[in-house]
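Have a look at the structure below before the remarks.
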Amino acid sequence: MKHTQALIERVRRVSDHLQHLDLAVDRVLMQIKPGQSLFVTPQEPAAGSPYLREQWIPVELFPGRITVEIPARRVYAPGQILSVMAPVGSPIPIRSGIQRLLLIVEGVYPTPLMLLARQLMSGGVAVTLVLGGQATEYPLELLSPEIEILRSDTGWKWPEQMDTLNWADQVLVLAAANRQMEVYRHLYDVLRQLRPHDLPDHLVSGLFYPRLACGAGACQACEVPSNKDTLLACSDGPAIDLKKVQF
Amino acid sequence: MKHTQALIERVRRVSDHLQHLDLAVDRVLMQIKPGQSLFVTPQEPAAGSPYLREQWIPVELFPGRITVEIPARRVYAPGQILSVMAPVGSPIPIRSGIQRLLLIVEGVYPTPLMLLARQLMSGGVAVTLVLGGQATEYPLELLSPEIEILRSDTGWKWPEQMDTLNWADQVLVLAAANRQMEVYRHLYDVLRQLRPHDLPDHLVSGLFYPRLACGAGACQACEVPSNKDTLLACSDGPAIDLKKVQF
Amino acid sequence: MIELTRSGKNPLVIENPVMPAAGMFGFDGADYRDLVDMSKLGAIVTNPITWKARHAAHGPRVVPLPSGVLVHTGLPNPGISRAIKQYGARWAHSLAPVIVHLAATTPADVARCASALERCEGIAGIELGLHDQASPDEIRLNIEAALNNSQLPLLVCVPLYSAVESARAAQDAGAGGLVVAAPPRGTTRDLESGQLVGGRVYGPWLKPQALRAVGQVAHIAEVPVIGSGGIHSADDARDFIEAGAAAVQVDTVIWTNPHYLEVIARNLGGLELTRAVGALADEWEPGMGQTMWMARHSQFAPPPPDENAPSIPPPMPPDLPE
Amino acid sequence: MIELTRSGKNPLVIENPVMPAAGMFGFDGADYRDLVDMSKLGAIVTNPITWKARHAAHGPRVVPLPSGVLVHTGLPNPGISRAIKQYGARWAHSLAPVIVHLAATTPADVARCASALERCEGIAGIELGLHDQASPDEIRLNIEAALNNSQLPLLVCVPLYSAVESARAAQDAGAGGLVVAAPPRGTTRDLESGQLVGGRVYGPWLKPQALRAVGQVAHIAEVPVIGSGGIHSADDARDFIEAGAAAVQVDTVIWTNPHYLEVIARNLGGLELTRAVGALADEWEPGMGQTMWMARHSQFAPPPPDENAPSIPPPMPPDLPE
């Protein structure tokens, strides 16, 4: 992890609840991969700025510039300088030879998966995105038109669910913290039934975004329950193979 | 005391260390008298804004507007709204029929006496201002040209000291907190020797500006040592007759 | 009706669960009469009073902290006799019940103060403040001194760091109710004088420490508990009630924003439920009425009453004069 | 040379008075290797370790406070045996002396942990963490368990609220040095889940409470004292030294601004006196070097050495790229 500065170059309100910030960043940050994020605090905090750094998730990369998507409620202005620690987290592991990616988002915005979807689609991968609960309120114009979009119901079912689950050669799921383990376990159980003898590594991963204290792996406050090793959302995550999770 | 709002209409840097803010204020604040001040906090505090309110001292009054003089180090901008409690303190008592006012300022800027000097001079009173220590660094262009200015030395003496003290029919002294009691006592002793049989009320008062907690008379943290009643800098002060002070 | 002391001969009963903490509101609230409607408060608690008069501490008494303040006043007060002479008449006619805070210096002095108050009219109760290191024995002796010399309902304010042990000692000795907790002491550097200054520390960050102590004491308390420490909003106050407090005391936010005391009291007293829909913000931000903005606000005529309107007050209109 | 434990057979000696507090810096500092030059620190203190492995607490573990944070981790750690397996080699080759923090669960577990560490190479000392309600007897039993099973220098970290009594009990039982103080616990509402959450509270406002405890303990201590609590700057750290501490531990500012740990250590170690005049700010703000601004900074060629130049670092140039 490096400690650098970033400059807010542009602020765009993209929906009632979301804004995009274009950040001029150091070259080292251009190595950032989908799943990795920035740990940010204003260089000159305003009253009410949180004490801890915030996790900001890139949705688009350009040479020397990163676009992040964050809630609109806090006010930022072009010209502001940020203190940035990055990268936080590990790249989302992508299975080799992947052709068909299934993304399932439940109760939260799909922001953390947007960069991955964009990069894989440009490499020819087919992406299907299942949105449920609050996730359906995400502004569709922010999604690439090539993504196939399905809607899940309150029982976390969507049209031709078994077909899409069978079709995919990798599944990533993101759910709101309050029902996260429930959703992930449900999905994991369904997949284990579909492939009782063969659930390969990284076939299905859950994304974990607890509030981070250190963001560095030091405080262990972001531990994800696991049957074996210690798994930390901030350094091993955000994507954790659901095979390793203790439900 | 009233609780009102004020709008910063104009910010003028008047010296390296001082700025003047023009505040659009409520009519009730126009009754403010020399010695009284505003107890201020920003409506939307910035990071690092102090928790407690600050005491801001008016240096000029206009219809619907008050100019205050405050240190330049904190940044304010036109358009900012302030939460104001006022008036804090009592008007500086002025002896009736006063013709000759002597102001002695030691180690601090004479800001708290500027409004009084201006008002009395426009009423025909002759004002002499003695500056000592850091007070001599006060930008002279902020003083009315009609004020006679003398400089005191490190022994708190100035040219024709006895003459000026005899000449004055009221004396007000303001000194830095760290040597305040020492300066006030010294001056009080000199005056008592000059007028052993007759030191009228309010002939010589000291000004007290401790950091205020409540500014309202409730917390008693601003007590000025006295031989009789409780004297509070925030409500009985800032000017306290040195006859009442216990040195 | 909220009982602040154990039911018995002489319980202390208030109508609103919100009051100022000792030291925050002066000896009779008169300093804030233009800013706080005292009839909306559950009670007022006086500044600490001792047998003998005391003067303010020497040196820096008010030192800024990050988001807070350290205060070292030295308990200045005129002594109980002069306090009664100066404030007794106003206590008797106060719009809110008056609880007199006695600093528990020695049992003999507490006894003298209590019997002086016993002869004084219109006092709702006594709150006894303990020093930080008070032992259970000392607590007992001071409480007995108060109880033996007065019939007034007795609250005991316990130090934060020893809240549970002190609360146990206090209720065993006969305290009618408990105030949890007196703020902790700290040491900080005064940048003006360069000195290290010791005193009590206050700020919104005190709330988690106080709230925990209230939860712990409520668990063992057989008498009503009043929560205190860092309350800066009605939500803060509700957290204390949820943790088991019967009432709350508001501290330094009174100095920075006096009207919050009334706002919190109205809020917890359910008073906002009776307000006219569309009422101007200044009814909910008392004291904000006499500003130059008011003329402009009045152009927002209150809309006709609407039963479905939300019960939270409308925000202040954002317009400014040109 | 700073002695952190009473001089005797096996004193703990460090070269710089600044180190991280337990729980802030991981098990071996590796998480911050890119951001903090460990050779500049007096020591590193590990996260708390217990005999058995422990997992993180359920529910919210990190809750924002005004100017601070409440943390409730549940002391997650792999247990002493796995910790030694995982980190032992790095401890032995650490650039700063390693002090292993043991959470004093039971005397039997402390005994087991201490003898495991005794067999482990390259450990400078043990720091024993007490729980908040630890009685003097419990403190004594845990310290005896550690001393009877290891020759390693022993520090004992005392809770804030009972700092003086606990420190007295600890030094009487043979603690070589004292850490004052472990942060207090609090309760706050997590707005995300709506739950009340209990945990330790941290922030710059903790400093006055801790500083006072350090002053009190230093007054009675016969062994070295390490000050800890809310330190966010070199000046904060100096206040603890002035209050009687031999060294300091830095807490949550490490999470928000990791490089401050090194800045404070360099500052208190007098390291800034050796820097080249005109050195770039990033030598004093370690880790800030690799930013895009650096190219621009380099146009400010260092001026020729000037013996009268002030020893404070120059501010970062304010220019920005277009």
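As written, the chain order gives the labels A, B, C and D, with residue 1 at the start of each chain.
By definition in this document, contacts are C-beta pairs under 8 Å (C-beta built on N, C-alpha and C of every residue); 3 or more make two chains touch, one makes a residue touch a chain.
Owing to the predicted nature of the structure, the values given are computational and were not obtained by experimental measurement.
Peer 1: Hey, what chains does subunit C share as contacts with subunit D?
Peer 2: Correct list: empty, since no chain touches both.
Peer 1: Out of curiosity, which chains are bumping into both subunit B and subunit C?
Peer 2: Chains in contact with subunit B as well as subunit C: not a single one.
Peer 1: Roughly how far is subunit B from subunit D, going centre to centre by Cα mean, in whole Å?
Peer 2: Spacing between the chain centres: roughly 47 Å.
Peer 1: Which whole number of Å gives the spacing of the CA centres of subunit A and subunit D?
Peer 2: 33
Peer 1: Centroid from C-alpha atoms only, then distance subunit A to subunit B, rounded to Å. What do you get?
Peer 2: Their C-alpha centroids are separated by 59 Å.
Peer 1: For subunit B, what residues touch not just one other chain but two or more?
Peer 2: Residues: none.
Peer 1: Residues of subunit C touching 2+ other chains?
Peer 2: Residues 65, 67-68, 203 of subunit C touch two or more partner chains.
Peer 1: So that we know how the chains sit together, what is the shape of their touch graph: line, ring, star, complete or other?
Peer 2: Its topology is that of a ring.
Peer 1: Which of the chains are touching one another, listed as pairs?
Peer 2: Applying the touch criterion to every chain pair yields A-B, A-D, B-C, C-D.
Peer 1: Note which residues of subunit C are touching subunit D in the complex, please.
Peer 2: Answer in residue numbers: 65-68, 70, 160-162, 184-189, 196, 198, 201, 203-205, 207-209, 211-212, 215, 235, 239, 242-243.
Peer 1: Which stretch or stretches of subunit B touch subunit A in the complex?
Peer 2: Residues in contact with subunit A: 44-47, 49.
Peer 1: State the interface residues of subunit D toward subunit A in the complex, per the touch definition above.
Peer 2: 23-26, 31-32, 34-35, 47, 55-56, 60-65, 67-69, 71, 73, 76-78, 192-193, 203, 252, 254-259, 287-288, 290-293, 320-321
Peer 1: Over in the complex, which subunit B residues touch subunit C? Could you list them?
Peer 2: Residues 1-5, 7, 24-28, 41, 50-53, 64, 79, 81, 83, 85, 177-178, 210-223, 225, 230, 235 of subunit B touch subunit C in their complex.
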